[in-house]
Amino acid sequence: MVKMILWRSVYAVASLFVVSVIVFAATQALPGDAAVAKLGKNATPAALESFRQLYHLNDPLPTQYVNWLGNILQGRLGVSFATGFPVGSLIGDQVANSLVLIAATVVIAVPLAVVLGILTAIRRDRATDHISSVLMLVISALPEFVLGVALVLLFATNVSQVLPAVSPVDPSRSIFQQLDLIVLPTLTLVLLVLPYVVRTVRACMIEALESEYVTMARLKGMSERRVVLRHALPNMAGPTFQVVAQSLAYLAGGVVVVESVFQFPGIGQAFVSSVLSRDLPVIQAVAMLLAVFYVLVNLLADIGTVAMTPTMRGGTR
Amino acid sequence: APISSATGAPTGPRKRGGTFRFAPADFGSTVTTDPQSANSSFALAAAYTDTLVRRDHDWVPRPALAEEFTPEGDDLATWTIRLRDGVTFHNGKPLTADDVIFTIRRNLDPENPGFVAGLLDSLDPRQLTKLDAQTVRLKLKYPNSMLQEGFAEVPAGIVPVGFDPKKPIGTGPFKQQSFTPGQRWVGVRNEDYWMEGRPYLDSLELMGFANADVARVNGLLSRQLDGIDRVPANQLAQLRQRGEINVLVSPTGAFQFVSMRCDKGSQFEDNRVRQAFKLMVDRPQMVDVAFGGLGDVGNDVGSWAKFDPTYDSSLPQRTQDIDKARSLLKAAGQDGMSVRFRVGDVEPGAKTAASLLIQHAKAAGVKLELDVVADLAQFYGSASYRTAQLKNDWNFTQSIYDNASYCWLPSGPYNNTGFDHPKVASLYRQALATSGSKSRELMQELSRVVHDEGPWIVWGRRDIADAYNRKFTGPVPDASGLGFNGFHWEEISLA
Amino acid sequence: MTPPDDIAVATPASATTGTARKRNAAPPRKQQSADGVRAVLRRTLRLRGARVGLVLMLVVMAIAFLGPLFSPHDPTATIGSPYALPGGDTLLGTELLGRDVLSRFLHGGAVILLLSLLATVVGAGTGMLLGLVAGYRRGVRGELIMRSLDVVLSFPPLLLALLFMSLLGTSPLLVLLTVAISHVPYVARIVESSTLAVTGRGFVQYCEMIGVPRRRILTGEILPSIVAPLTVQFGLRLTYSISLIASLAYLGFGRQDPAVDWGMMISQNQSNVVGSPWPVLLPVLAITIVTVGANLLTDSFGRAVGVDLGREG
Amino acid sequence: MGTDTDRYTGEYAVEVAGLTVDLERGAVNVVSDISFALAPGEILGLIGESGSGKTTVGSALLGHARAGTAITGGKIVVDGVDLLSLNRKELRRYRGRVISYVPQDPRASLNPAMRLGAQLQEALTVHGVASRQQRLARIRQVLDEVKLPSDDRFLRRYPHELSGGQQQRVVLALSFLCRPKVVVLDEPTTGLDVTTQAHVLRTVRELCRSHRTAAVYVSHDLAVVADLADRIAVMYSGRLVEVGAAEEVALRAAHPYSRALLDVVPDPHRRREIRTIRGRVAALHERPDGCVFADRCDFVEPECRRQPIGVVRIGDGHTALCRRTEALPVRAGQEEESTRVGGTPDDAVRTPGEVYLAVRDLRASYGGKEVLHGIDLTVPRGVVTALVGESGSGKTTLARCLGGLHDEATGEVSVDGRRLAFGAHERSAADRREVQYIFQNASEALNPRKTVGRSIEQPLRVLGGADGPLSQRVASLLADVALGSDAADKYPSQLSGGERQRVTIARALATAPTILICDEITSALDVSVQSAILLLLKRLCADSGLTMFFVTHNLAVVRAIADRVVVLNEGRIVEQGPVDHVLDRPQDPYTRQLLGDTPSLLHA
């Protein structure tokens, strides 16, 4: 198992390296001149040139890449072209905000989905199951911005005004003191991932309930409750980890739309605005962060899966 | 003549205190605190800086930091500015002539010219002299009777010697407490503000909602914001339904226009083509649909009789004439032409107007192909902004002088059309070299030339709608087109 | 936006395969389905979900493709004041530019549906090819393919799309390609794991033994065996295509006037959804219905062939 | 079958009367009118072909019916209580404690995510053994009884960390943990090799004896049961067609079906004629009204089909469901029955003909780990050579090397003097035509999405060799393996396991091969189906002079079909020679042990 973790980690680092090359190459291909974007429409050629000098934009690309990677590895993410602020301090809060948002989503969605999945699996093909699956189907069919907008209309603006409609997180206070601001974005994201997790959990649960060891547990005189909780449940951990990991990666994308609906200052907003304003250092940093997040989440999920799945543990593999 | 004095301004004693949370339309993700930067936010800059001259709500320039701003002698090429007494910067340093000179030079820095550099073009940075601590003499490169106008613009706000945009300091009503790029600027009351008893608010919070009119409206509806400016017309009904929200409509000279590239080799080089385009537009429909009727049709000049005495009110209003447009195009050999139309969502209604224009062009046998640029920074930032044949744009309330120095002269920093008309240039110079009615007449003539041959289809003027929570009071209709009370933040208070 | 359920769950739970079950008791349920395509279709259509799904999809498709025939107005012409209420000349009122909502709705579906369909075909097709090759010819080549797809996977599809669109503009072709690319790794993963499973089976080995050319084994033996998970993937991918294209339109990266398009209707009119719901509600409803329909249909198909949807996507 | 209870006067451990299980939909009997009784310590062997309803009865004894079915009648009295009259909660208290169950596949029935200790403890906890001390003591005791380690380290293991035999013993331990009155064992050794099977059988016997636990032992193999059981119940089509003392049934089977079953069981100790039962088990919905066996019975009369057959009493505690028991010939003594199939090739074997297939110094490995260590082997032309050995000894690997499916190997394989490449794709088309391999698992070896006809055509298309239209050739191949030509249009899933295996044989024969390599092709089949396949292969060899290399772990099968045998142990050949020679006088201790562990009716 230790070997497997090591191997996976090496692989993770290698793929991050590849990602870094791609991110760098892709951002170089962005049309529009970073210097023009920064200095504005009436910049003089001289000003543009000195800007390019300042940010080493005239160096050969491989040199730029090596310097960039070196800096990133040392935690120096560069300086935003658009605002002149260090990228780290610029997006630090936004990364933290998005992480809180995603964490809140996971904390709510996963247990909810597990409970729902189990319930619907136990009541398979009965009313509860049908209602839940139709509901999940419709939710998953609605584009995410529709969900967000609908929630705003319902809870914040037109139908009732119990919750904030937009989420301008005050950067001078901890996000934990402004949790009301993340309620609706979280709810939207929860709805976004719920159907998929529920579906997986339900399918795994059904598989487990149809397995012979569950039949055996029943034949050993176990109560239904015990059968579900002690025998079927542990066997769902692995797949659930995997689907949660995928949901997390998905959430990282879903936050773009949700953050835009709620104007939540998060990583998605940072990405969109940096792409639009050709703010190379920020694009690169955000893209790398997303990749690290994805790779890390998958690594953890794999380790978690293996740790929770006895048949995958043990030396071999 | 300027319209009558602002109505509805509260009278009597005002409450002090409170925090006003406001989401300016111009607070984008790339906003900086440097007032002279192209990425500045006027709402933000006006909160912590003051200009030498300031326009009142009727768009009439009034002395602000400058107690006097007068020409020396008659040639209009030498001016003196005498600063108001007792004005201090947020760090306690008194405002002096040095600061004014520093600010002007900073704006004219060829390496990094300021937003208003075009308006200050007549100034010679080497010919600025400090007469005493409070007095500056400006020697101009050429006479300019309109010099004050440049100093009335928000980006011309006075900053202290050695200004560092990272730690912005001004003389304005609010001192910066914190700034998070793209997200939030917080200012607290400048207790030593030079206007007696103002500002009233304890603090002002400006929040960044880039490209997000819906979110700004939602924020106001859910009471997370106390005010927003430049509300799209189709959102007003929703806001008006709510008793706690006050919708304030300001008749302004802010206008939207389409500019045509007309230098050599461009599609609009031939004035007949420009005229044909000006004739194909159904202006009333555009004002109705894009502005929800809140505004007036424009006459291709970019200045309005209501606000600007240099506009020639005898100019006939241009109306749609498809047949004439067709025949002009035919005469120019351009019938059935097809143009790429670069469109940014520059202002509420702008994209809508662009879509309507496609229909109008189609009627005249012209094919417009939309090239929508999603982000404003990119719309203005990338090179194609200058080279595009046809693009939309907008402007605040402007005078002929403003428009000419920014956009119509070949030297204008925002001349993106390649428009270069010798007559315009000479009329401009002559007008600046004179004053009073003489100057006015010359400018009016200039406006006639532009009306005929200019690069712009100015199709409409917009009344700007702002909305705020009735917990606050103070804002009045403002003609500048900047938005919310012309960003005279010091006038806002708790109700 | 590509949702997460299509994890090629390399699930540990499936690690029980090694058991040599030496008796073939009653054939397991999953195998009963292993017969002709027509039988599977028949079985699919016997399920109520499938029938409902088919009807829903057909209704929306009919609106999208036949709708223009019934359009009362020119969908690109301003015929009234903006956001006029239903009544009079316009059955469902007008939208932001004063154009007829119903006519725009009837005209606006074909392209988005076609685009989604094409993007899905291209994306799923490419993913299938890569997955097949990677799964069948393991080794360095397969590893290389799958690992490079992992890299694509580490960017959320929507972000990838945004990057591309701002890189190259928003032409329909680009939307198609971007959406297609975002499908590739997901489909490839599923196909790879299914292929891997099939490759170990006796009938594939038999073909290798008698010397059937590799390409023929891929097309003649393996491909038909993974049709089930592939079809299920295809259905899901289709729904994601629609939703991704709609989301792009929402963020302003959709088609532009004078085109008539559901995504555009939503993005142009969303700001006034309270005052005038129809121009937004209609396309949203249509998209939702077609998505629900596609889901029901693929779910049922999955049931009919015994593919465990939750696990395999 | 009230009669069954006459033979014993004490209190029965379990008494089953009129047990009936129906499909929930359609009111079709799965099993009906099952009656028997067991005294404490008594073992009942429940045998029958696949689909006869053994598992249904077995699980119904615990009041359990699998999804889609329901217990609709009868009584199951255990410990003085009718289980079927209990509600769910009460029933739970009996399950596992008073009556317990051992399933066929231990690997699937142990929870993969729970440690053994936890699973064992839990079985006691739910039945009220509250103290951990007590539980552990009991667990260690039972583990000792099933001859498993009982230390903490063992208890901390997960099921996948055990071998199949160990897993099965854990399940045994689980079922005996609460000292039940009755244990139901559903084919607990079917997945195991003979040696492990022998161990498990021994353990079961000891446990039942020492705790006076009654047991129902389900199997399809009479030979397995004959030795173990006190009584035997033969099931067919959902009915108990014969019940009696083990010896009685083994020696004086009264029902034609029991007789037939006895006849098809091969025996490692003597060569006997391969017999089969004609026809096949009727599907659930097609069961006849009268005698369920009538369609396959040699003694059937029109009267038999008219109405259900009543119970006929044969002797003390011996009953049968047949109206013609008298008509059956007295069963001949078994010894003289060494009939051999036509033209015994034994002589040919003794004077080995020309070598057809030769293997020299074959070494094969998986990822560098060698599993075959220098195999030298010759297969004479035209005879059947069997390869035996226990699980993991390398039989499949060897066969795959010959078939061209495993190329991580060194050494030399030659056919008819021509050297063969290891990878099939490097072999010439002629070689590929001549050497054909048949897979163990027929349902895996046939593409489920192709009709049988298309599968059989495939080698003809790829390798050529068909003159005339393909469909005709397919039909004749199907006829060769005793399948109707209508089978050509069916999909594998529409065939039974035996039929499927016939199809793979037909496919292998399509290219007119000279040598067939068969890897355990009958081990997944019922004895009756197995014997039919064996007969078919035997006939094919005799008719066409085919050389056959037959891999199996079952010595009885070897005796039935092969002329020569090769014994493989841990990747090395330990013995080879003519079958009768090797099996009658095994030289190697390993061979001897294999032989000793193989169950045989002779011992019964």
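A few points about this structure:
Think of it as A, B, C and D in the order they're written, each chain with its own count starting at 1.
Simple rule for what comes next: contacts are C-beta pairs under 8 Å (C-beta built on N, C-alpha and C of every residue); 3 or more make two chains touch, one makes a residue touch a chain.
Composition by chain, UniProt nomenclature: A, C = ABC transporter permease; D = ABC transporter ATP-binding protein.
Please read all numbers here as calculations on a predicted model, not as lab measurements.
Among the pairs B-C and A-B, the greater number of C-beta contacts is found at A-B. Compared with chain D, the chain whose C-alpha mean position is the greatest distance off is B. Between the CA-based centres of chain B and chain C (ABC transporter permease) the separation comes to 48 Å, rounded to the whole angstrom.
Our note on geometry: chain A (ABC transporter permease) versus chain B, Cα centroid distance of 41 Å, whole angstroms. Here the spacing of chain B and chain D, counted between their Cα centres, is 91 Å. In terms of their C-alpha centroids, the spacing between chain A (ABC transporter permease) and chain D amounts to 52 Å.
Shown for chain C (ABC transporter permease) are the residues in touch with two or more other chains, namely 13, 15-16, 166, 251, 270, 274. Residue positions of chain D with contacts to 2 or more other chains are 105, 108, 112, 160.
Chain A (ABC transporter permease) has residues 31, 157-158, 235, 260, 276, 309, 311 in contact with two or more other chains. The full set of touching chain pairs reads A-B, A-C, A-D, B-C, C-D.
Listing the residues of chain C (ABC transporter permease) that touch chain A (ABC transporter permease) in their complex gives 1-7, 9-13, 15-16, 147-148, 150-151, 153-159, 162-163, 166-168, 239, 243, 246-247, 250-251, 270, 273-274, 284, 287-289, 291-292, 295-296, 308-311.
Interface residues of chain C (ABC transporter permease) facing chain B in the complex, by the touch rule stated above, are 76-78, 81-83, 96-98, 166, 170, 251-253, 256-258, 268, 270-272, 274-275.
Across the interface of their complex, chain D is touched by residues 13, 15-16, 19-27, 31-36, 201-203, 205-212, 221, 224-225, 227 of chain C (ABC transporter permease). For chain D in complex with chain A (ABC transporter permease), the touching residues are 59, 62, 64, 66-67, 92-97, 100-101, 103, 105, 108-115, 122-123, 126-127, 158-161, 174.
If you check the complex, the residues on chain A (ABC transporter permease) that touch chain B are 31-33, 36-37, 39-44, 46-47, 50, 80, 82-85, 90, 93, 152, 156-158, 161, 163-166, 168-172, 260-263, 265, 269-270, 273-274, 276-279.
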